[in-house]
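Across the two complexes that follow, chain A remains constant while its partner is chain B and subsequently chain C.
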Partner chain A sequence: MNLELGYIKIKDIKFADKAEVKNGVLSVSKKDLEKIILEDENFTAVDFDIAKPGESVRITPVKDVIEPRCKVSGGGDIFPGVVSKVHTVGTGRTHVLSGMAVVTTGAIVGFQEGIIDMSGVGADYTPFSKTLNLCINFTPKKGLHTHTYEESLRKAGLKVAYHLGKLGKDVKPDEIKSYEYLPMMQSAKKYPNLPRVGYVQMLQSQGLLHDTYVYGVDMKQSLTTMISPLEIFDGAILSGNCVSACDKNTTYHHQNNPVIEDLFEQHGKTINFCAMIITNENVFLADKIRSSDWTAKIVSHLDLDGVIISQEGFGNPDTDLIMNCKKVEGVGVKTVIITDEYAGREGTSQSLADADPAADAVVTGGNANQVITLPKLDKVIGTLDYTDKIAGGFKGSLNKKDGTITVEIQAITGATNELGFNKLSAR
Partner chain B sequence: MSATKKLRVVHYINQFYAGIGGEEKADHKPEIREGVVGPGVALKAVFGNDAEITHTVICGDGYFNENLETAKKELISMIKGANPDLFVAGPAFNAGRYGVACGTICDLVQKELGIATVSGMYRENPGVDMYKKDVYIIETNNSAVDMKNAAPKMAKLGLKLARKEEIGASIEEGYLPGMSRINFFDYARGSKRAVDMLLKKLAGQPFVTEYPMPDFDRVEPGKPIKDMKKATIALVTSGGIVPKGNPDHIESSSASKYGEYDIKGVNDLTEKTHETAHGGYDPLYANQDSDRVLPVDVLRDLEKEGKIGKLHNLFYTTTGNGTSIKNSREFAAEFAQKLVAAKVDAVILTST
Partner chain C sequence: MKFILTNNPLVKTKLGNSIKIEFCDVSLHQILLLTRDYIHKGYKLLSHPLSGSIKPNETLYKSIMLDANIEKLDMQSLSIIENSIMLAKNFADRDIKIMQQHKDDMMTVDLSIISGRL
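This part shows the complex of A and B:
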């Protein structure tokens, strides 16, 4: 399996009658997008806005962040099983509208939707202050059932990103990255002296608005299984969840999974990156035991030397993380786990809900309970109506006198990401 | 406190570093001298115009450890008399009894006099394990040769503490981990750090975990209830069930409080009377019928059927979502006393 990613650097976004990508400028037709979105009768209205790095703009409550991509060659299409037909992806060539994102917002679905500040101290904590953001603000039909709203919103964002991605199909990329992912036995033959390394990605699947979709399948209904990391670059894994904003993996995080990128960076040099395993984070104990048993079983069967295990969410999934780590170490395979911490606002509480001595190599995305005061920004895309209610907020978070917002960084989209997307850490 | 004011510092050292003698002089009784003595010279050089070591307190390691209570009293009174803004102890490097003395006296000065303190030790010094959660201890090498590295770090952190400035993460300031977990921006993104750590682990090279696993707190289950027919049962939940409108504004995540609510005469929680404040799960079903999380209806049935003595007329609730273990422990410690006082025999604790 080989995949080429062609990155088209987007330097600006503007609204225009004709949609196109030309000289690094993405022109967006509001009319086209409105038509795509309002096909779904669950929405009564939609507006669009553009937020640029450095502007005095706050986007909230953020639901998902998505990067527009399109298949140029190779089988299947972007977001298989959800937007396009089910077909294995991850080969040939894919074009990426890089440096930008589609950000969905609107009246809140659950409590756990985040804040993206394009400037000020909050901008340091979210990777999406550095992207040009095409924001979509949805107005749902009155009385719409939460679950239906979530599904409609999720799909609408993906459809828009899919549509915009297509505009890059015939554009010459600024940069091309090539990835090679060989069948296990061939890979072992090609790199006989390098340690065999795998990646175990835990996907949020607690249910009740905490779901992740793989080729359209709700991951909580799946056993632990294998996937090619290249499939993920083509949108095989999609976010459908409302866990706390700081450590939920948006679709953008999946598309740009940094563990995959950094393992490929070392592939053929210091390691042989030859396996990727996806497992779930279900709430029932029997599921946790079964899924972590299967993780260890697959890792052992593949005769790997080491794995990186990444988590999504916190609290309940801490137990899945520790079970995976303990059982994988138990079959003689070395682990490094990536998590984040809820050490309390003072930072003196125990950081995880579970612990085991086998977890001796931990990377942390930081303490999500750290309190931060965000300055008043000139413009809000979305609404501040829910600032006190979102996870990480509290009564009085929004200071009505001076417009500042005091929240835990838990409320900031992507702040303590557990794929290791950021430099933030804690000691 | 103005940053320009020259701070007053008291420095603590043992008999060896004071040049009094080795083991044979370890019974040296506490004394206070004006100005710097021994390693204080290195600290004085780095303090420059920011602070002045006005006094040095000296105590033999043997005397301190063998006459702990007396030594503590004598030393605290000497230190108090010198009226410092900052108290510096050691560094003790790998000297065990000296390290324990430095930790003990720093902890005492902080607690009794409310004065900022800093010490320095090698990571295997027994004083580290005893005091790393209470005292800022700069990590040193295992011998006094490291004084040139330790002194600037101790002085810099000491000044920040005395001036009540923001303290960075342990890795930035050079103190041993154990105090608060503090966020900072590291050298590379987390995924790269994970790959780097895995490469070291695979090669059998030393690596440093970013989060050392704590000793996990295991709670022994209580004894079984002998006669449920006579038992008073209370309901407690971390599922966030509150009277409609969340009157005490319990946070949807990272709760800073719990609620105590009356259910006397309430047989059923309904959409009109109760809801959840919890932000960690889809609230729809809990809002439709809060009995799904806090089973008042079922317990009332059991009460009528005589299977339990009675349902306690108050329930306790908070949101477990991202709420720190420290806060949870404090809430429970408080309402457990109320439950005991109300002669509740058992609690059904529901989570989500």
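This part shows the complex of A and C:
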């Protein structure tokens, strides 16, 4: 399996009558996008806005962040099983509108979350302060059921990203990265002296606002399985996770998974990256036992030397993380786990809901209970109505006198990301 | 016999015909403590007490499925509930008034999570 990612660097976004990518500028037709979104009769109106790095802009509440991509060659299409037909992806050439993102906002439920500050101290905590963001704010029809609203909003964001990605199909990329992912036996033969390393990615799968889709399949309903990391670059894994802004993986995180990128960086040099496994984080203990058993069975069967295990979320998945770690170590395979912490505002309390001596190599994405005061910014895209109720917010979070917001960093999108797509950690 | 310990009225209404419901009109934190009591009495956890990524100080509702395990104390369940109670204490009281619409949303999410694999 070989995939080329062609990065088209987007330097600016503007609204225009004609949609195109020219000289690094993305021109967006509001009319075109409105038509795409309002095809879904669950929406009565939609607004668009553009937020640029350094601007005095706050985007909240954020639901998903998506990078526009398109297939130039190879089988299948972007976001298979959801926006495009089900077909295996991960080969050929894919073009990426790099340096920008589609950001969906909306109040699906009354308790909301997800802040992206484009400037000020908060901007340091989110990677999406560095991207040019096309923001979409949806107005649902009255009385729309929560489940339906979530699904419509999720799909609308993906459809917009798909549509914008197509604009880059015939554009010459500024940079091309090539990836090779060989069948297991061939990879072992090619790199006989390198340790065989796999990646176990745990995917959020608990219910409404807590789900992840793989080729359109709700991961709750899947056993632990294998996937090529190159499929993920083409949008095979999509976020339906709207809760826990700091440590949820948006679709953008999946598309740009830094664990995968770093494993490929070391592939053929210090390691042989030859397996990727995806597993779920269901609520029921029987599911946890079954899925972690399966993870260890696959790891053992593949005769790996080591695996990296990344978590997504808080509390419940801590138990899955430790089960995966303990069982994989139990079959004689070394693990490194990636998580984040809820160690109290002082950072002095127990930080995970589970632990085991086998988890002796741990990478943290930071303490989500850390408190931060965000400055008043001139413009808000979305609404501040939910600031007190936001995850990490509390009574008086929004200071009505000076406009500052004091919250735990769990309110900030991507602040303690458990794929390491952030700046926080500890040594 | 399996049952759901809950303070969520929606779970009682929607799932009452398909599984035994032990409804207690208490706080989320008290649901965790009651769960620990059940475990000490020989019950075991079927669902995780910290289900959902909505933090223990952000939602009012919690539903936990338990089953009888009369042979001996289930140490795995005890470990999970003790760790969950400890972690839940890391979240400071938010001291905010919650509107009924938001309560309804919290109930809906809790119901979705506990009924996902029924």
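Just so it is clear, the second predicted complex is superposed on the first by the 421 of 427 C-alpha atoms of A that agree within 3 Å, B and C clash if a C-alpha of one lies under 4 Å from a C-alpha of the other, contacts with A are read in each partner's own complex, and residues count from 1 in each chain.
Simple rule for what comes next: contacts are C-beta pairs under 8 Å (C-beta built on N, C-alpha and C of every residue); 3 or more make two chains touch, one makes a residue touch a chain.
None of the values given here were measured: they were computed from a predicted structure.
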Superposed partners chain B and chain C on chain A - clash or fit: clash
Partner chain(s) touched by A:248 [first = chain B, second = chain C, both, neither]: second
Which of chain B and chain C A:285 touches, first, second, both or neither: second
Touching partner for A:334 - first (chain B), second (chain C), both, neither: first
First (chain B), second (chain C), both or neither touched by A:259: first
Contacts of A:421 with chain B and chain C, given as first, second, both or neither: first
First, second, both or neither for A:209, with chain B first and chain C second: both
Between chain B and chain C, more extensive residue contact with chain A: B
Which superposed partner A:413 touches (first chain B, second chain C, both, neither): neither
First, second, both or neither for A:222, with chain B first and chain C second: neither
Which superposed partner A:344 touches (first chain B, second chain C, both, neither): both
Chain A positions touched by chain B in one structure and by chain C in the second: 110-111, 146-147, 206, 208-210, 243-244, 314-315, 342-345, 349-355, 369, 389, 391, 393-395, 410
Residues of chain B defined as touching chain A within the complex: 133, 169-172, 177, 179-195, 197-199, 201-202, 207, 209-217, 249, 251-254, 256, 278-285, 320-327
Sites on chain A touched by chain B in the complex: 110-112, 124, 146-147, 195, 197, 206, 208-210, 242-244, 258-259, 261-263, 265-266, 270-271, 305-306, 308, 310, 314-315, 334, 336, 338-339, 341-357, 359-370, 389-395, 408-410, 417-427
In the complex, chain C residues that touch chain A: 45-48, 50-55, 58-59, 65, 76, 79-80, 83-84, 86-87, 89-92, 94-96, 98-99, 101-102, 104-106, 108-109, 112-117
Touching residues (chain side chain A, partner chain C) in the complex: 109-111, 146-147, 204, 206-210, 220, 241, 243-244, 247-248, 282-288, 313-316, 318-319, 342-345, 349-355, 369, 388-389, 391, 393-395, 410
